[in-house]
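Read through the structures below before going on.
Two complexes come next, and they have one chain in common, chain A, joined by chain B in the first and chain C in the second.
Up next is the complex of A and B:
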């Protein structure tokens, strides 16, 4: 349905959103989902907590309160009166227990990041959950209740079956899934949503359009009202256009290179001097300017600004690199040059970035043989460690430094197969520490060790950008890629 | 008079010997202006591809950010791309990719399609039925979609593109060769050599294959141009040549982002692909006419009448 941009917007209660990617894939929060699937998921589920992005703190949501009677026990009070979509009853503490047990039994992707500390789960009445952890875990509210905070309806999940639930997903968020066909997902208003007056819209049509230029053209032609991930090159022009609102904010994410260190040690990059040389060969400023057109912030470490443990964007490696130092390190490592296969996903900005990075490292004799993958193919290679090196971006799941480090650097979590007992001790110690004043210096040490060992090389924190019709109001941008909530979005009257 | 007639008949037979036929075909090909131009352009492209390191003005993958998006000039004849790489040099090196893909694809489809087609047509029976159902199964898929699926399965890579395109084209060739073989095996000369006790291999290689060569050659030129376009399409979709290696299709995909800022980026690969495909098609059309025996007869008669 097309609308004349000049007259027909007032009174509209639908929204057409263009998102990155292809097929929407899975919407069940207990199975790994892609960006486009995540964008749907965040509108059909409410989490146990929400993040106050401005202040980088956790706020109660479906978990309306929690307490810690002792360092190993968390008691969570679940909000009353929250209804599952399509008549599946009220959400209870049993649903939370079922979901977390399901994660643990199926060894889901959140176990390593969010649910690993859980020892026992039990309910205390209809709306109270008590969780015992194996060891003290400071970031429990942000990481466990945040990243694993989308809860399944036990009744619906058992009745429909796990497979079907990933498409006919029953949530309790402001919108419900109406239909999913190929690259189009239609969401409709949840009439039983627990927050009075929300959502403002009756219907959202999400279209996955892989090409950022096509997404922007669709917006300009009036075929979309809202789009994500424009080509950074087009952002200044979009900002000038009076018909559209363009929001751009630094993401809680990084673009980074990662090395697979589990390949037997034959590859030259298993020598940390080579990895340091690569980091010195990177001109991070050129990446920010040429690939992101300034819509990114240079960094050489994993802690973004505003997170506990943040010091400054560049701690060791110069913004324009240091080619001489890089060459010296290669000589010191006794490596003259080598070929290595580097994979990335189908995000067009990352493919360009990898091309530029390949040119940079070619100056120290390293030949990146680029192999572009679709998102599913990339995840398969990456998570199963069937890669040598990759360049990718990743959104941090919670405003806590644990989310920036543990899963990437700990022996039990690292997708690099990076193993360092000192690093493990630091990461575990920082996890168990509740007092921020004591945690902060621990993260400084973790960062310094990362900069020295370079199992990951960080390039920049990329902005998340949305462009939408100026007559839309109520949308609040977040620092997370998936975090595009449309419950308050509405057309100006 | 009778002697004279006999002599004339003998001359005519000589004219239809394969060697004479090829000479006639070559002569006819050169008389066709479109085919001649196509052949010349194609030859230039092949030479450019072979001697790319010698004639390329710049390194095609060398990034020079200070020279990005420069318009055509004396230094950069067709300008530079978003990474400051010389467009001319990328086109020259891109020719290597496109033409070698075209060549290898037709070699692959020839090696697979011709034996299947000849065996199927000559042997017939169950073998024919089995092979042709297999071929039909491949032909039911749209060629580019099938290629995308194969590359998707094997992974995005230029070698996989060649395999995919070869697999896509081989069934077409097999069908064509089978049809020609079916007609050829019923010819009197095949019956004659069979009666003389020639082995099936000798009959197929020495007589059948030799006489179905014309449609094969024409089909291979069509396949060549289709392979060039398909490689460009797959690279455009990110499934073919991987960066930073130059490829006409991939460079075209990149150029879309700069259509308004730097139109030369878009025009250069577009026109090059067009020129290459047009040239191959011209040569293919010329070959089809030149290798058509009916046109030899017509021409020969016209020549004889002129001589008489």
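Up next is the complex of A and C:
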């Protein structure tokens, strides 16, 4: 062998990770980041909260505790003794206030996503933050403290400037950015990390390798130790290989179809019976097996496992569909068949999925005219509601049912193409309810109405898969695509 | 010659204006809003407007063009919308990698095409000639990404001779000559095989043409050694179009690396443009395309100059 990248594992304190994509994007938590950028960010920042994936709940992290003196007020206690990277001092409530005010003042993406309910922010001493919301906001811990939970160091941000912060990001997590160049990000251990004994590794080299086959082959050749997102068809083979650990778990995402019901037109699919017929015509099990090689979980609703309001699918539509029922519904709707343009993005698996779905609905006389768009073109049509129907996948950004429903079903939701005052009232009510026990049945109602109205038809939750060297231990898989933490990962001695 | 060179250089600004206009119009006519793509779906109209204003995308297209040209004249290629870094910084990271890969591919093409072209011309219509023809036809026909996958399977997976990835990796730095060179070998072969075919065919026909000239017959009649006749008299003249083509193809190689970069995970210019196109990152598409166009333009001028220098019969 002329070139041997394999290195002796004993005593190793480094990790080489292959992720998808061509580069990592930016690393500033005030600028929206890509998934592969998120994989880095989750290792250089600790959030205000964390998700306990095993027990499916939000747990305190840098926000050590929080309370609600009244429905509009959240008092957050920030953990003491957390140090910023590279000597920028201790993280305080002032940093949190600065970060959120910065988002609000610059009208960053978080204004719409997580910080929109905020009215005022003030600090009470060095480690307490008091936030008042405009209206009661139940998802505050998961959405606001979760999705907007990566905090800036006020001192570093002011000193090095907003633009430079995207590259020389100062966090307070287990690893620090050493260098970012091309498709490689090198992280090194944070010697001042607040959790004693962590991280276990000294160095992580993350490399963006766009082709999943090349990523897997690089792993098998010893050029990588750990990889994400293998092609589903390669997963059974990887699982059989004794040299690697293959983890596969249901992801917080969906593959779904959406109908544009916002135009007020009289297309056949504006009739809910037709949409129900389509949902009955779908063989979800075939999608999971044919497109994802079994690496996905069938669902017919928007709330994935682990979220408040989750109920074991399938709630209404059978896994193999019900063609007879679909035909009856079409007859009941008085629709014999029609042509409709359905768009999707350039993701290979979605194109195949749409072809499969088109074959399924053709059995009830509906002819899907497929139009593939690159991601830029697709977003343009989708977000401006210039489509009849689309099929796409989506990653859910915050572990709260509000994030699964409000944006897609409320009249004011930016991704919604559905107008229903009853649904709006339900969504707003659930958002304003603080008590989880009372919120849960509200989301059951929302899901039931969605299943009946079918403004979106859900197919499955696609699994997140990682393959890594068997001699690695400590890595804990999560259901969140970004959330792959390596602070406990280490080589077996 | 000098006058021609000056004339060609004088045309550069006009060509560049046309290039910038074309790039700008094509990029802006593509459907898709970079700000919406950047911010995603769960965002507020305020956030979209603020970022649009920051990148001057709220201005009329003509005004945007004027701003862009003004910035270009000051040496500012703009700032990536997605990455939030200056385009010049991205270029400084990625251009050297693309240049190194193009150089490696061209070296491979030259090293292989010269002996193949000569042998094919000398052994015209023989088995060796047919073999060379077969190789060049394959070189023309096999898409470079397919060749890349074959090379990976054979030389990386089966034989384990070369790494699949590693160009631009910090691991290779300071690790010696071979770890730095070896990641370039398979991508260079995959990228340069088409150019090898082009140059082999060109040299073969050029050699055949030169070998049938009277002065070669005279040289042989005078009793000059076959090697001297071939290398000093025939090859020197046959190389004139070859060298010109090398210059042109080199400019071309910089712009066609995207599929090879994808397969071998190379952080070059092609993958940056691809990512920028998908996310409609206008400043990156514009800046990188402009640099590639400029490189190609100057490669053509260099080819012209070389042609004039090598062939005394050529007078502009």
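Everything below uses one rule, namely that the second predicted complex is superposed on the first by the 372 of 493 C-alpha atoms of A that agree within 3 Å, B and C clash if a C-alpha of one lies under 4 Å from a C-alpha of the other, contacts with A are read in each partner's own complex, and residues count from 1 in each chain.
The criterion applied here is as follows: contacts are C-beta pairs under 8 Å (C-beta built on N, C-alpha and C of every residue); 3 or more make two chains touch, one makes a residue touch a chain.
Being a predicted model, the structure only gives us computed values, none of them experimental.
Look at A:351: by the touch rule set out above, it reaches chain B but stays clear of chain C. In the superposed model, A:365 makes contact with neither chain B nor chain C. Once chain A of one complex is fitted onto chain A of the other, the partner contacts of A:318 are absent, as it touches neither chain B nor chain C. In the superposition on chain A, A:290 makes contact with chain B only, not with chain C.
Of the two partner chains placed around the shared chain by superposition, chain B is the only one that A:233 touches, whereas chain C remains out of contact.
When both complexes are overlaid on chain A, the residue A:474 reaches neither chain B nor chain C. Using the contact criterion defined above for the overlaid structures, shared-chain residue A:112 touches chain C, although it does not reach chain B.
Looking at the superposition, the partner that touches the larger set of chain A residues, chain B or chain C, turns out to be C.
Once both structures are placed on chain A, chain A residues 346, 374, 377 are touched by chain B and, in the other complex, by chain C.
Those residues of chain A that touch chain B in the shared complex are 213, 231, 233, 286, 290, 346, 351, 354-356, 358-359, 369-374, 377. Contact residues on chain B toward chain A in their complex (touch as defined above): 61-63, 65, 68, 82-83, 152, 155-157, 238, 242-244, 256-257. The part of chain C that touches chain A in the complex is made up of residues 30-34, 36-44, 46-47, 49-50, 79, 82-85, 93-94, 97, 152, 156-157, 160-166, 168-171, 178-179, 182, 262-267, 271-272, 274-275, 277-280.
Across the complex, chain A meets chain C through its residues 1-5, 16, 21-23, 25-26, 28, 31-32, 34, 106-109, 111-113, 116, 163, 166-167, 179, 181-184, 186, 205, 207-211, 214, 217-218, 220-221, 223, 346, 374-377, 379-383, 397, 403, 407, 414-415.
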